[in-house]
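Every chain is named by a letter (A, B, C and D) in the order it is written, and numbering of its residues begins at 1.
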């Protein structure tokens, strides 16, 4: 590796200002607003300077430039939820060279981080969704999977996990289309769901990945008067999918609390900052992250058990 | 009321004298002066507020690393705007080039091994640039031969190129780039990042092309008044093709810069650059109706926005506050500028009725 | 006419500066009802500027305008129109994207402060004026698709659509030929009877003297003379305008008998344009082509220059048959063309004079390294700038700020710098003042003497007479006569054209 | 003969566009039996409603000689702000909500208009700036929370479920189609039969000439942009009603597609030309393409490319026709120098 201009004169870098910064995919989105709640709580609890930042649109270049700027501020740690794993490697490497601790989330397989923390193992999570979807459809019928973006890593892992499970346990179910892209846009999800309903009148199930997918799908299903015959499940949060759980158009939503995930990242960063280490079984003292499991394949990835499944019965317990 | 208007117009008259005189002396588009000023002001502003962060060499270098790719894209768009057109596909083309290089390289690396691949580096990079030029040529054909309005043609190709990239990569971000390229992204000569030097070289070449070569001048004339340039024997086809191929080539260079900064390529990188680059080019003093543009102005604009962006992070302001600032700067600069040149403008508004768009009087878009 | 009657329009001490230029420098003028008042002056003397100030389009730096007793420091276009001022602008100021009818009637619709606009009403209003003028115009055609002449007629119609107290005509006849002008004059006289005061600007001095009662001459933004028109002759007016004697006498230096054929046009035809046109042009020769509006004279030039290639026939340049399918081909073949529509087709208005001058010859300045040889460019610009006596602060001023005559010289310069073997000029002195006209004609003579072949398409007969070796007369698409030597005579041409 | 063809093609190639649409429909019907159904038709109508309203705004600006990219920002700003105002169940009938939103929209539009007209700035640039400002202010200072069906003002959720026609199998015609159609007709009428409408064409044709015939350019433009702002806001509320949610992140980013649809509809980005009829067709074509790719079985990875290709095809046909029609410069030159 040729000498990095940045590190040459890191001597002139400012004394660290003790900050912990969480860089999210994008600001102004319900999901990450919730994560910010966690970040702020954590700051309050620990009395440390923690804050959240993110680009206006969920783009790789946006995150790169923020992290690049942060390096100059030399915070203690940067925790990041990448839009594009590979796309962040270089800048994260620079951050670590500059002596900044880097923790990531939703980024299994990313290299230049100290620790990657997952709410759960992605494939298992996808499988869990398919378990429920299979039950709901009675293990038979056509179904379709939707992703926010075809370029979204975790989304593809979820649907892959789900698909594998379906192949293994619900041989009578058929995925009638390749995963469909909703462009993270509810209106698009709605229109594509409508097309599916027209093309496959006796479709039995939908799996959504982006938080708004299931909502768009649910609207289409509801309008088609098929709320009962079609099972709609996938990732979303109560504040977004709730009303359709009540109407019955959505059967079950799956998620993990972004606030807790935010806290978990920071907690790990702090442990590392204090010279500690993360191993199998580490307890972060955060619900769902009491006993971390090391993920196979990657040497820096750990998962909690923070996945939640919510249906009509328990939707009331969540206020986000 | 008439009185006030009279007085006002008199004052305006005097202001006008001063200005038009100045303008006649340096008829360089006024993008340069105002941008230089704005750059100094913003820089000073942040330097005073958060010196320890902002003036920190790391931060300054970051600006020098982040600005170039945007700068080169801006140059690409500037050329299109110079002809009175626009090129919305620059980012897609850049990604196309990046993906080409990355895939070819990784292919060799896996088949012939890393060393063989490394030795192929020059060819691989050329392939990337070639793809850039080729995609640019597609725009050129659609615009100059099929006769589609640039905004539509490039909006379409933007989607097509992006879509094809998606098909090619299957949506996953592909990793891997020639080591030589990667090292470029992280080396600095005398504290100046190599990428910044690349931008400067590209800018210089574009400046020469536009101002010092016959075809460059023709491109300008084409933008200033298409009818008159046809009547002067200037071939519309030649100028437009040159413009969009060059623009594609520059986009290709930007694509290589993407890779240099980070050895991975995806169909979706830089989607937020499309509008940003338009803002930069116009701030840089390019006339959206074509006919005039200054490379230096565009460079300054690119750097200025980068300064503001990292300044805002230094001040811990949000991305949306930056978006607001960007809008305010754009509108503010245009308005100030217009207040100064108002009277001249008013006058300029006497021209041939039949004049085609770029030549018509008061520009309203 | 009663000059003593209370003036309907009075302007006092109008000053207007553009940048350094004093466009108007304390101009005063008064206009009595029912008089035709002619504004004369060289290009750039300030006529149009004065008019724009009266019509509220531009603001005077100082001075006052009194219309019907009410004095305004500054008018908006609205106020001017409402107080009865109607203008035919030199640049027409029409809407290229609207129908002729709407262009004509829009003004009255606005003046009547209407909310709804009715096609039929507009059509009717427009038709009325057109019939009044005895014109045949396609009222539904988009103006963009009409000829310059038609546009000028529409501009005239628009000014007549709602009855004005003051009618200002800024070079209303530049694109018109004899017959249309005569018809316009009939209208003008009729309006005069109705007591409308008329300001008439034209560089065609015969017209000026024929129609006006009073005459005011501007020079460099100042009134140099004002008086009863009957007291003036062509000579006197041009002298007043230019401050010198302007000769319009026929002067042609004879062509060497062995001069090579530069251009041979054989049996050229284009459907709807012209039919079986043949002529030849020798080095050093100036060939005039004239004819009535729509006779097809411009179309012939356009075919030769590749704008609208001919359907059949041959074009030989310097003896070699050339396929001219586009302007590019024509220019390559060594043909230059000074178009009729200067502003749109000839000039890059917002670009410096210097860059306009080399626009057609950039490739000639390529150095070994493919770059432009800027020293050589600067030299040729300086040379042309001087040779064509272009009046402008310097060669980096934008063309838009030039007056008609000087703008036309820039177009000429553009082609002279390219040094084509053949130069076609379509209405080269349209809207150009007598002084400049003489100088431009002189330049053409010089070029011819230097061996260039020149074709002048024009309906300014005195001009043709003064410089052409031969004159072709076109009548609906055919060459009906070719005059040469002593047969060339204004009245003769007049007669043949009408025939 | 050619004259008749020209008439068929329409002043802005509307006829041609119609032909293209018919072709696409035929192609899609062949590709998928499920395509040619009432359901698809109603879905098309529904998905065209919001883009159509936006397109009208874009059309007006294009005709006046500008290019507006701020309308989605205005739309979501106005709609979202209004929703938050009426969220706490504090009354607010659908009418009131529309009115308030359109007032806000007009306000933002006025901002655009004043800057553009008084200072004579290029619309594209000004709106590029204001767009960032509007969206920034909305999310930084007004709210970024996703408001789901449950929390929307009751007036809106009720409106969401009001259909004119319901067909078995899920097709339906939303009642908002009525006001949408009315607005389309009103705008068409305004452009054709009001002096204001004609003034917009005039300004787009030649601004200076417009001043000279006494059009109050500044005033007209300010009114125009207020109108466009109000239209955008209306579209925003319709979007919220149809989508049954208010998401400040939505809409922004769709501007280029809408502009493309309008230009496809024959409007000239150089100003002075464009028709409501063409715009409707343009929007329909784009929606037709966007919303039936899955149905006709285009693999999802290919869909982005497909949209682009079809757009280019549509425009190419337009361009070819145009080269034989008016917009061909040489043709113009010929006339000019006749």
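Brief remarks on what is shown
Definition applied: contacts are C-beta pairs under 8 Å (C-beta built on N, C-alpha and C of every residue); 3 or more make two chains touch, one makes a residue touch a chain.
Protein identities per chain, from UniProt: B = ABC transporter permease; C = Lipase; D = Sugar ABC transporter permease.
Because the structure is predicted, anything quoted here is derived from the model rather than measured.
More C-beta pairs touch across one of A-D and B-D than the other; that pair is B-D.
Taking each chain's centre as the mean of its C-alpha atoms, chain A lies 35 Å from chain B (ABC transporter permease). Spacing of chain B (ABC transporter permease) relative to chain D, judged by their CA centroids, is 28 angstrom. Centre-to-centre spacing of chain C (Lipase) and chain D amounts to 43 Å, using the average Cα coordinate of each chain. In chain B (ABC transporter permease), the residues that touch at least two other chains are 166, 170-171, 227, 230-231, 318, 320, 322-323, 350-351, 353-354, 356.
Counting partners per residue, chain A has 27-28, 56, 150 as the residues that reach two or more other chains. With touch defined as above, residues shared between interfaces to two or more other chains in chain C (Lipase) number as follows: 57, 93-96, 144, 307, 339, 341, 344-345. Across the assembly, chains come into contact as A-B, A-D, B-C, B-D, C-D.
By the touch rule above, chain D contacts chain B (ABC transporter permease) in their complex via residues 64-67, 69, 115-116, 119-126, 128-133, 135-137, 139-140, 203-204, 206-209, 211, 221, 256-257, 259-260, 263-264, 269-271, 301-309, 311-312, 315-316, 318-320, 322-323, 329-330, 332-333, 336. Remark: chain A residues 1-6, 8-10, 12-14, 27-28, 51, 53-57, 59-62, 64-66, 68-73, 84-91, 94, 98, 149-151, 153, 156 touch chain B (ABC transporter permease) in the complex. Taken in their complex, chain D has these residues touching chain A: 32, 34-35, 37, 39-40, 43, 47, 135-136, 139-140, 144-146, 148-150, 169-170, 172, 239, 243-245, 247-250, 290-295, 299-301, 303. Residue ranges on chain A touching chain D, taken from their complex, read 27-30, 33, 56, 150, 177-181, 185-187, 190-192, 194-199, 201, 212, 215, 219-220, 223-226, 239-244, 246-247. Interface of chain D with chain C (Lipase) (complex): residues 193-199, 201-202, 204-206, 208-216, 271-273, 326, 330-338.
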